[in-house]
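Before any comments, here is the structure.
Read from first to last, the chains carry the letters A, B, C and D; within each, the first residue is number 1.
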Amino acid sequence: MIVEEARYQRAFEEAVATRRDLHRHPELGLTEFRTAAIVATRLRELGLEVRLGREVMDEASRVGVPSAAELRAAYERALAEGADPALLRAFEGGFTGVVGTLRGAQAGPVVALRVDMDALPIREDASTGHPPAREGFVSAHDGIMHACGHDTHVAMGLGVAEVLAAARSRIHGSVKLIFQPAEEGGRGAVPMVRAGVVDDVDCFVAIHVGSDGESGTLYPVVTGHLASSKLDVRFRGRAAHAGGRPEEGRNALLAAAQATLGLYAISRHHAGRSRVNVGVLRAGSGRNVIPDEAFCMLEVRGDSEEIADYMLHRAEAVIRGAAAAAEVEVEIETMGRTTTADSDSALAEAIAHAAAGVPSVRVDLRPHQAPGSEDATYFMRRVQERGGLAAYMVVGSGTGGGHHTRTFDIDESTFKGAITVLCEAILSLGAAPPEAGRRRAN
Amino acid sequence: MIVEEARYQRAFEEAVATRRDLHRHPELGLTEFRTAAIVATRLRELGLEVRLGREVMDEASRVGVPSAAELRAAYERALAEGADPALLRAFEGGFTGVVGTLRGAQAGPVVALRVDMDALPIREDASTGHPPAREGFVSAHDGIMHACGHDTHVAMGLGVAEVLAAARSRIHGSVKLIFQPAEEGGRGAVPMVRAGVVDDVDCFVAIHVGSDGESGTLYPVVTGHLASSKLDVRFRGRAAHAGGRPEEGRNALLAAAQATLGLYAISRHHAGRSRVNVGVLRAGSGRNVIPDEAFCMLEVRGDSEEIADYMLHRAEAVIRGAAAAAEVEVEIETMGRTTTADSDSALAEAIAHAAAGVPSVRVDLRPHQAPGSEDATYFMRRVQERGGLAAYMVVGSGTGGGHHTRTFDIDESTFKGAITVLCEAILSLGAAPPEAGRRRAN
Amino acid sequence: MIVEEARYQRAFEEAVATRRDLHRHPELGLTEFRTAAIVATRLRELGLEVRLGREVMDEASRVGVPSAAELRAAYERALAEGADPALLRAFEGGFTGVVGTLRGAQAGPVVALRVDMDALPIREDASTGHPPAREGFVSAHDGIMHACGHDTHVAMGLGVAEVLAAARSRIHGSVKLIFQPAEEGGRGAVPMVRAGVVDDVDCFVAIHVGSDGESGTLYPVVTGHLASSKLDVRFRGRAAHAGGRPEEGRNALLAAAQATLGLYAISRHHAGRSRVNVGVLRAGSGRNVIPDEAFCMLEVRGDSEEIADYMLHRAEAVIRGAAAAAEVEVEIETMGRTTTADSDSALAEAIAHAAAGVPSVRVDLRPHQAPGSEDATYFMRRVQERGGLAAYMVVGSGTGGGHHTRTFDIDESTFKGAITVLCEAILSLGAAPPEAGRRRAN
Amino acid sequence: MIVEEARYQRAFEEAVATRRDLHRHPELGLTEFRTAAIVATRLRELGLEVRLGREVMDEASRVGVPSAAELRAAYERALAEGADPALLRAFEGGFTGVVGTLRGAQAGPVVALRVDMDALPIREDASTGHPPAREGFVSAHDGIMHACGHDTHVAMGLGVAEVLAAARSRIHGSVKLIFQPAEEGGRGAVPMVRAGVVDDVDCFVAIHVGSDGESGTLYPVVTGHLASSKLDVRFRGRAAHAGGRPEEGRNALLAAAQATLGLYAISRHHAGRSRVNVGVLRAGSGRNVIPDEAFCMLEVRGDSEEIADYMLHRAEAVIRGAAAAAEVEVEIETMGRTTTADSDSALAEAIAHAAAGVPSVRVDLRPHQAPGSEDATYFMRRVQERGGLAAYMVVGSGTGGGHHTRTFDIDESTFKGAITVLCEAILSLGAAPPEAGRRRAN
């Protein structure tokens, strides 16, 4: 190992503490004000160059931005919970991205690690059977929960920062630590990519804890991320007294029901997985009123951009057709997108090589099935299209309930191996970049 | 009575024979070649002025015309069954209307009687429990049946012609006997109205046997005919192998299913009865092929033209929306229409007056609910809008199964009373037309 | 007039004040704690015998009772707004009915007046164009509004109590003033009927202000109240990750969409108006989760109990079939019912007679179309089935927006005529009851 | 090569003639009376032991049997076209399977070749652009076409019989030639498997021409056959006059439309391809009648038995739920099934080895994607579960339109290579069976 074990042990212990604090204060996508402020503060303390907010997020590329009221409430809560007001201003309006850069002593490539920071609109299990509740760090934000482990990603990212900041003399090239907001819904990556955050990156790694992986095992060859589009749909009709003047109504709920059936009935694509889901439908205001408004949240997915585009095209036709049939207005808004991307085996192998000497860690180079969609894929595609290498690595960490459930929990002991392997790999990659990464050095 | 009873008895006996011959040889709407030829031949024998085919039917107003093959097959059948080839030529292409005029000795108004001639695509019950089968005049045309009694209307119409031809000296004004094709589906009346057939009519009566009326009772005040539109809809998509290339298909059957649900879900109108029915749906060719064709036969109805128009407007939106959702082509064809009309009470009362001396006949002047839709209403509206009087009279005639069933049957003995009352009323009306009919005399 | 005009003028002025206070403090059905306490207090002050809560409402007959939390919150609000705590206890749990009885000096029949007290979940227009806002009595309870005029009914009912309490010497028999909760949704009448509230009533009158009636005109012959059932439906399926394990889900939203289409597609009844409406649908929790819960609020209506029962039967089949198709659980809860009832013309004529001498009031005895459904019909049916007379009277009172809109408003000046006619009629009815009411006197 | 080239040339020429005769006289599944009679006659002439009809088809396992009328009509046609009446009797009722066995001079394993014989309900292109039409062997059976190449399979199977019958001295073990009816719809294989036809088989090969393979190339490793179930569904409701008594109807068409939407909306399975298709829907009899009957032909498919079973289970729930919602009766009949199966590589390699010396033939051992479903898989599974080897081989043969189209055509020149390789492989397999086949010799 390039760095001594005791250093990793300290970083691990701090990561556990950080994770528990974040777990207790979860924040939804694009409202990670407190989280981002903690990240930025810590990175500055460690001496990294830090860029924030609009510097690292392109405004025009944002979709699915929360309402002004939601942004405001989360902002106030972060303030109330002690976030640095000066930093917060940089994030105002939902620009909650942070990028820290550590320039090494020697020339070499740019190696980036990307973690995501947002939580989910899920009410966490508060029973003592659920470890975070038992240990006292259950969510203090009602109805919001780190049910996908992004708290652990931030904690590990800061752990890596800590170790590498102290090992700057051994860094070749530079290290970029990317803290992305709003992975859920596929909203945070594109604005950071469009802001050029990875335009100089030679080797890129994104991580995700995986409750279906084995604790102590890392899987740097993840495949099968689904391309997806997330849509919000609003039907607007005309209300009428359902008993007295039914013919005067234009029924938005009926349009939404027709659209729902039509969406689920879309012919699937022969070339791979194709998915559609209407996850939320809210319509109408009173029992005896022809409903004049309906709102749907839906998504389509596919094993490739082509399939996802086919599903999207068909979905739009179905929605507009249902609106036309009911003679109601309709508005379709894209709330997020994800794409597909494959991990480069050269990079995965370099990670495996770096992990060789690390105790109690195993690297499994076989393809690991991605659980769903991920917008880290936009970073990966950007890096690869400029000639760099990219990998998406699952940190096996099974414990509690599945992802996106009220009892989701992970095995904190896995942080240590992950931080260690990431640091060792980053240092190795700088010193001896794999083929594709070699051509460009800062 | 103006005419002696024995004359009516003879006309009645002939009417029964005529009816049984027609019942045995039923013909669908616009293919009543044999029927119309029999009618025209008989009217000429009786000395009426006879107009035929295109003389009494406006070509541009026709909808729901059978295919050339269907027209041809029915034509050949009529020839084979001995219809006069010279007459048939006048009906070629489905112009099967006949109008006979009897000019009276004295001046007076124009009084018209309208009967319809077409049968239904129903397979008649051939068991001995069914009187026409027992008596040997069950339909000889497989799958076609006089299941609504139009055979009896023609028979009574010819009975009236016979009596009045012999009573010409007592006719004031003139009498018009209108034999209309294609009442089923609402296709025959409009072309005759547009050809001007009732433009000179002062008093107009249409008749219909009614299995829900009492035998021996006439109901000259029928109300509640529903306005309606009959539509044929063809969806055309794209076939594809359902297992191998589902995404390449554009599913016409799915469009038809969506349309069906949307149609039945149309908000009904507060102002009266509103109906919609998809009576027939045929789609697809093979189990494992995404269906590329679907065909629907549907109708909308309403208590008023306004309601029927509302239903029609919504139906078209639903159908086009469903097609758009499935990305298939659609073609909507109007196959028939009916409207509403009310009987004039002055005319109904005149009929009741004429019936006063007729034995075993009762006239019920209370409003009688129409069983469904009727295109005689177009004649009625035309006569009324020109200042004439119109009535729709049900001839109570209950016996066998309901209208449009395989066991429909009527009480032939009612012909006599009906012929008698019609003749007596026509003669009386000419001599002493009610108020509204008085203003114009030929 | 039996009572002098000045007395009516004072009652009118108080009614306006009462109405404005109630308008400012609207309460939803079965939570009319403050309103009922004001009513009970006032009736007691006036010397009426007062029965409350469970004395006048049968617990087992209640449906659509708000949740414990909603009942609690409304109760606390009433307390905070100064309602008498001792009285409130009688209403606890949503037993908010009040009945006051005034026994006359002479023998005679029992004459009852019924008014309703509940408001609607509508946010009142707060702009100065809306008179209650301009005059300072716009709703102080956010999202709740007296948008159907029940505040005016209570005010008029208390006005009648006031006048009659001072005129006891002229009362023959006794007068019952029934203050009913929860007319909206059809929930309040049945428990009062089942508690026997009208079992001794000879003449029964229910009133309703009508924005489509003319100010100054009373319509005591209202017809066409639709029988109805109000249903809440909950579908419960199984959540699953829509991208990762779609087959593990059981889609409650899909069941609700299928049910919605099936409900609107129910064949309407030939015998009269038949209505169905899914007014509210809420389903699902997240875009990428197969929805495991769906909630629908719906209603069916018909021109007769038979039609409404047919619609209800079909609705239940459709809902259960949709649940079975989606393999989800379903629960159907009846939230309210209304029935049909006709006003007795003898009673209506008696009212007209009493109104003859009242200045600036007109009584229109022609049938007046009911705007929708009403559960006062249960009182009417009960009184009529025991041999009494019943009438439903609309107090014409047009001004602002339609019923159930944010800008609903009425013409307060109409209170005076209504109070006057009601008092004069009640006194007359006692002195000279119409035929049917004569048989029983207290 | 074991047999001289001239022998293959003669067999090839006869195969072309046979194919053209069969192409001109196509027969639907379970009505292959003429085809089976030709096969049996020829096999007997060649000296094979021939088993027929019920000897090789288990009656209880049959599904999707044509109606008695259809069977009768096809039988009469075969008689009229000169099929041997004595043989035909063995096939009566649709038992149209034939198995010929050739016992070799030496001991050895049982090697089987299976071909299918049925045609499709497709009207063949009769234009001169279509080679069978140009060459004079276009289908003489209107609306029936060998659009999937089973005519060529029979021709090649008889070609193999001819060569091997003349080479009996070189056969080790025995050769079974299986001529299966009704592959389309998945109806013919299971009854033959249940009759024990392959219970003694050590090596089994099924063939299929493939318009997407290259002419001259054989693909003995076909993967991805979809498991499937084919269902016919009949909904039976109650007719009613749509205008007059809509509430009396129970709408079977509506049930079918609801079922259609529900079927297409079934959540797809994460573990592989899942398909559903409603290929045919026919419902209703008249425009103005609530439809009392609806008939659907549908299928579900999956990449595994588990997935297909999941789809089948969901489909049945959807269909029964839709029927319950509409209160109509429903009957679901299984019309056919297919399963999955993998080719054994040892057998594929043996075929490749035997093909090594054959001129102008190439064997491609890479996995070749199956185009859809196949019931040969039941034979394969049976052979494999008893320890034998099985392979499904595509004979690349691209020319005209795709499978199941009106212009499907194949390259006849490929017959020669296929017959040659099959004969050489069968002879080799007998002499030197691959490992798994060795254990059992006759």
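One rule holds for everything that comes next: a residue touches a chain if its C-beta (ideal position, glycine included) is under 8 Å from a C-beta of that chain, and two chains touch if they have at least 3 such contacts.
Source: prediction; values computed, not measured.
Peer 1: Looking at A-D and C-D, which one has the bigger number of contacting C-beta pairs?
Peer 2: C-D
Peer 1: Report the chain whose CA-based centre is farthest from the CA-based centre of subunit A.
Peer 2: Centre of mass proxy via C-alpha means gives B as farthest from subunit A.
Peer 1: Between subunit C and subunit D, what's the gap in Å when you average each chain's C-alpha atoms?
Peer 2: About 70 Å, centre to centre.
Peer 1: Would you kindly tell me how far, in whole Å, the mean C-alpha position of subunit C lies from that of subunit B?
Peer 2: One centre to the other, that is 50 Å.
Peer 1: At what distance in angstrom does the C-alpha mean of subunit D lie from that of subunit A?
Peer 2: 50
Peer 1: Which subunit C residues reach two or more other chains?
Peer 2: 244, 246, 251, 254, 258, 261-262, 264-265, 267-268, 270, 274-275, 290
Peer 1: Okay, in this complex, where on subunit B does subunit C touch?
Peer 2: 261-262, 264-268, 270, 273-275
Peer 1: Under the stated contact criterion, what part of subunit B meets subunit D in this complex?
Peer 2: 120-121, 185, 226, 228, 230, 241-244, 246, 251, 253-254, 256-258, 260-261, 264, 275, 277-291, 294, 297-299, 301, 335, 371-373, 403-404
Peer 1: Provide the residue numbers of subunit B that touch subunit A in the complex, in ascending order.
Peer 2: 240, 244-247, 249, 251, 254, 258-259, 261-262, 265, 267-270, 274, 290, 310, 314, 317-327
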